[in-house]
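Going in written order, the chains are labelled A, B, C and D, and every chain counts its residues from 1.
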Amino acid sequence: MAEQAHAHAESLALREQFNTAEQQKESSTFGMWVFLVTEVMFFGGLFLAYTIYRNTYPTVFGMASTSLNAVIGALNTAVLLCSSFTMVLAVRASQLGKRKAIVIFLILTLLLGMVFLGVKAYEWNEKFVEHHIPGAHFHFEGMAEQGPAQLFFTLYFVMTGLHALHMVVGVGILSWLLYHAARGRFTAEYMTPVDIAGLYWHFVDIIWIFLFPLLYLIDRHMK
Amino acid sequence: MNTAAIEQRENYLNAGYGLKSWLLTKDHKRIAILYLITVTIFFFIGGIFASLIRIELLTPQGDLVSSETYNKLFTMHGIAMIFFFLIPSIPATLGNFFLPMMIGARDLAFPRVNLLSWYLLVIGGAFALFAMLAGGVDTGWTFYTPYSTTYSNTWVIATALGIFVSGFSSILTGLNFIVTVHRMRAPGMTWFRMPLFVWANYATAVIQVLGTPVVAVTIVLLFCERAFHIGIFDPALGGDPVLFQHMFWFYSHPAVYIMVLPAMGVISEIISVFSRKPIFGYHFVAFSSMAIAVIGFLVWGHHLFVSTQSVYAGLVFSFLSYFVAIPSAVKVFNWTATLYKGSISFATPMLYAFGFIGLFTIGGLTGLFVASLGFDVHVTDTYFVVAHFHYVMVGGTIMAFLGGLHYWWPKMTGRMYPENWAKLSAAIIFVGFNLTFFPQFILGYLGMPRRYHVYPDEFQVLHVLSTAGASILAIGYLFPMFYFMWSLRYGEVASANPWGATGLEWAMPSPPPVHNFDEIPVVTHEAYDYSTVVGEGVEVG
Amino acid sequence: MKLPLFPESASNFAPDVDHLLYYLVAVSVFFTVVIFAAIFYFAIRYRRRSENELPEPIHASLALEIAWSVIPFGLTMIMFGWGANIFFKESRPPQNAMQVYVVAKQWMWKLQHMEGQREINELHIPVGRPVKLTMTSEDAIHSFFVPAFRTKQDVVPGRYSTTWFTATKPGKYHLFCAEYCGTKHSGMTGWIYAMEPQDYQAWLSGGRAFGSLAENGEKLFQDLACGNCHKVDGSGRCPSLAGLFGRSVQLADGRYVTADEAYLRESILQPNAKIVAGYQPLMPTFQGLVTEEGVLQLIEYIKSLSPQPAAGAGTTPAEINVNPGAATPALSNR
Amino acid sequence: MSEHVDSVKTYTAVWLILLVLTGVTTGVAYIDLGAFSVVVALVIAAVKMLLVALFFMHMRHSTRLTQLAAAGAFLWLFIMMAFTLADVWTRGLVGTPGR
């Protein structure tokens, strides 16, 4: 049957349950896409809660959203888009088997990812200072009853929190990838892990593409 | 028979010994056995809770346990049975074992993810078991807020964490099945040559992948609200408790199809093999599995008819709930039509299949009762609904699980189960089941509410009947436990194809070798072409 | 040894639901018998005679498949229509219904009549008169379930929910809590006493009255100094409440909302949710300052400010000609 | 074995469009479009998503199966939202509280 993978580099040999390397790559890619479907439904639940409560308390959500710093949010979005850009260049480099290019772009992607997380941490700390973290000490100016405002910030922290958690996992995957890329494990024949990590990273970016306008930009003109 | 012959030939059981070979296995067959042990343990844990509940309900005043304990009993019965037995049972044991073989693959697409799925179920189960032993949880398996987030002082978070973790086991199994069916079918195994068991598990995998993440995020929100007292579902802080019910049932109704669809797949196999005829209307039965998976996502609102959901949404959900009943009816009619002009053998799996069709028909028809708005207002949250879902879950899924277990036991272990004991236990289970749950329909319409520890004494006679039935049912379930263990050592050695079945899994020896196929087979025949099988010397069990 | 196998039929909805049950049972028994008979007949007629018997494979017949899809679907549509009709009737209480307020709290039912009577776990109602229950909960979700009336409605904290029925047979009927609500969920039960109208009047006048709901509402309205802003002539910084109940109100974002009990309750406890057009969100929240009973009393007071007499407030119910004992009494007020 | 490899030029172009769109969506938010502003924000976000999915995630030349999977995810998201909103938006429409 299919002889062992002919890839000369010490790549992961063809798994015994697959017949051809082509079948293995297609299965891995399709498997990641199905995983991304579950992630869409996972974040979908949060977007549903957001939609319902924004619909029930439009004015409160507007006032709470304007307390967030939209400029920092926009810059952070740009940082994440740049990291997606460098990630896709890393995937392209691995398609062409250029080891040095993969390493450079992976490092850039990692750095941009960490910058994003750093900015996020700064924003959260700002919220902490302003007593906008839901819980006992929550207080939002100019609002008769604190309930709905706290609801917005609960959704804000749960959504950006889960997104940040996915970013941290992404940083972990990219570090593992960087370690193996540096040791030349990925060639033009075997670059599936880079491709899959790219899919995951772009997906996390897409989630932020929706989070940014929905959380930061509600009724911005009301200020 | 030469039991020694079995030992020499290398198969997946004697390919390695010792704990490490089992706990780190990547072989889908061994993982299926691990799942079988895990789900059986949880089945008996859930069963103990069930028997305590039934004994408690013998008397109207509730003398056996206090109300707190009773509330924990029915909650833990629900959680153990649903999340740790019904959802993983058929897909993860029989599905894991036979799906790759049936489509001619050596293993699932991602064997390590398969092992991870089992570990996630065990870890989730450990959390739930810890919560049960530490003091139990009393919110009902539905965790409705604001009771579960604000007023319950029991182990809600530990149990919710257990369900959260075991949910990912279900997601990853679904992912594995979808990729395997799409990418790893043997040459010639087109979609319409696949056995219907594979179709059913594929449809279940689609539900697992699309539904389970939503309950995962609902549990995250439940955890946030309960741990940090922030109001997502808390009305005092502007939240909406009915939104929790929407997000919970968006998963939990399709979850009941996760539980019953694989059972339908098993029944399609058994009916076809034991009447030695292809399933009548193969394409319709296959498409009805997919239809149930898809429409199953449009009907969750029938759990919310009286929960202050709007009248118009109620109309929409009630209307669509009747659409999802049609594919199930089509399946039952096709199974019955398959028997026409067949050569029907009454081996135990076939008895379980007959039991399934009978009880699932009653379960499905009472589903039509509760889908009707005006009627559901009266019977929701009463024993009528308890009887309905037990008819579908116990009368359906568990009968099919036992039928499938008996049907594939020779292939899994190389041993035959004792036929007469098996037939006896099937009969006891059927009688015990009906005596337990049919009186509950009457109780339900009389207005006996669910989850009641104390009840008016005019309901006592029906409760006593139900408890009597439950004790017979419990005995019936113990039989297979013993004779399956007994058969491992003393059972008659099974041939490669004791039932004259047509699947690829019957073309290999029992128990199967580690890599399933030496040569990946090329499939040329339709799914249930018995001309290829009958004719050889086939000893029928 | 009591063994009832069928619940009493004691409300206007009961006969409809029972007839729907008979239809559902008839359809189910028919299909169950057909399938059981087919299985037993085929199983015996075509049992396996010899081991190597190979029956003719029969694959499918489109006509049969369509038949057993469309016909059952038709039958189910009747079930759907019938059930929807009952549900729709249950969702719209008649205008002249007698108003009763229900506050559910962990493990008891508190019921209040318009005339001021307060009852715990018991409700006295006249036969033949529609009764509308406006319910809310102080803690978890409960559910007001009267099996003899075939009605059930969840009682959800944070909002009002409504159920209505007309008792048709005098008697004492079970009241259950049907939504799991904690330790004594099974103890949260009670009784509905359906009485002849004259007996009900006797009970009404006999009971110790605490002053009608509207009077208590007025006292509370003054205690909380609502009048400072909500002046009768509307000159204050807040909208006038005279004639508000039942009127359609325009909100700040242009939407129109009818001022029913739910709107009044929300405006008291969460004023910022719906701000009236032309006014500022100045009103402080009374969440936690006013009990659920207090909110009900305020709403009754605001209702009493409306021009048309709120149904049932103290007026003796019009004489209803109910011929007692008839199986399904002809209700003149339908 | 490497299937179609896009040029750096394409990726750079897509990257710049994404940055521009981020700026646009931020700027547009400051203009009072009333209820229409959420629609504009979502349309821009959807365009950005499609750009990332089609170009960066190679959806353009991936198998029809993966495209079907992605479409399926959004269809189910729509089902969840539509039916829940169907309830939330029609509450009380029948004129009775809680119905």
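By definition in this document, contacts are C-beta pairs under 8 Å (C-beta built on N, C-alpha and C of every residue); 3 or more make two chains touch, one makes a residue touch a chain.
Keep in mind the model is a prediction, meaning the values are calculated, not measured.
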Chain whose Cα centroid lies nearest the overall Cα centroid: B
Whole-Å separation of chain centres (CA-atom averages), chain A against chain D: 15
Chain A and chain C: spacing of chain centres that average the CA atoms, whole Å: 47
Chain centre separation (chain A, chain B; CA means) in Å: 35
Multi-partner residues of chain B (at least 2 other chains): 182, 210, 214, 236, 238, 240, 242-243, 246-247, 308, 311
Set of chain A residues in contact with two or more other chains: 26, 30, 34, 37, 41, 44-45, 48, 52, 56-57, 145, 147-148
Sequence positions of chain C contacting 2 or more other chains: 88, 91, 153, 156, 159, 161, 270, 287
Touch-based graph of the chains, sorted into line, ring, star, complete or other: complete
Touch list for chain A against partner chain B, complex: 1, 15-19, 23, 26-27, 30-31, 34-35, 37-39, 41-46, 48-49, 52-53, 56-57, 134-136, 138, 145-148, 150-151, 154-155, 158, 162
Complex contacts: residues of chain D adjacent to chain B: 65, 72-73, 76, 79-80, 83-84, 86-88, 90-94, 98-99
Sites on chain D touched by chain A in the complex: 1-2, 5-6, 8, 11-12, 15, 18-19, 22-23, 25-26, 29-32, 37-38, 41-42, 44-45, 48-49, 52-53, 55-58, 62-63, 65-66, 69-70, 72-74, 76-77, 80-81, 84-85, 88-89
Residue numbers on chain A that touch chain D, as the complex places them: 21-22, 26, 29-30, 33-34, 36-37, 40-41, 44-45, 47-48, 51-52, 55-56, 70-71, 73-74, 77-78, 81-82, 84-85, 87-89, 92, 95-96, 188-189, 191, 195, 198-199, 202-203, 205-206, 209-210, 212-214, 216-221
Chain B - residues contacting chain D, complex: 182, 210, 214, 240, 242-243, 246-247, 250, 297-298, 300-301, 304, 308-313, 316-317
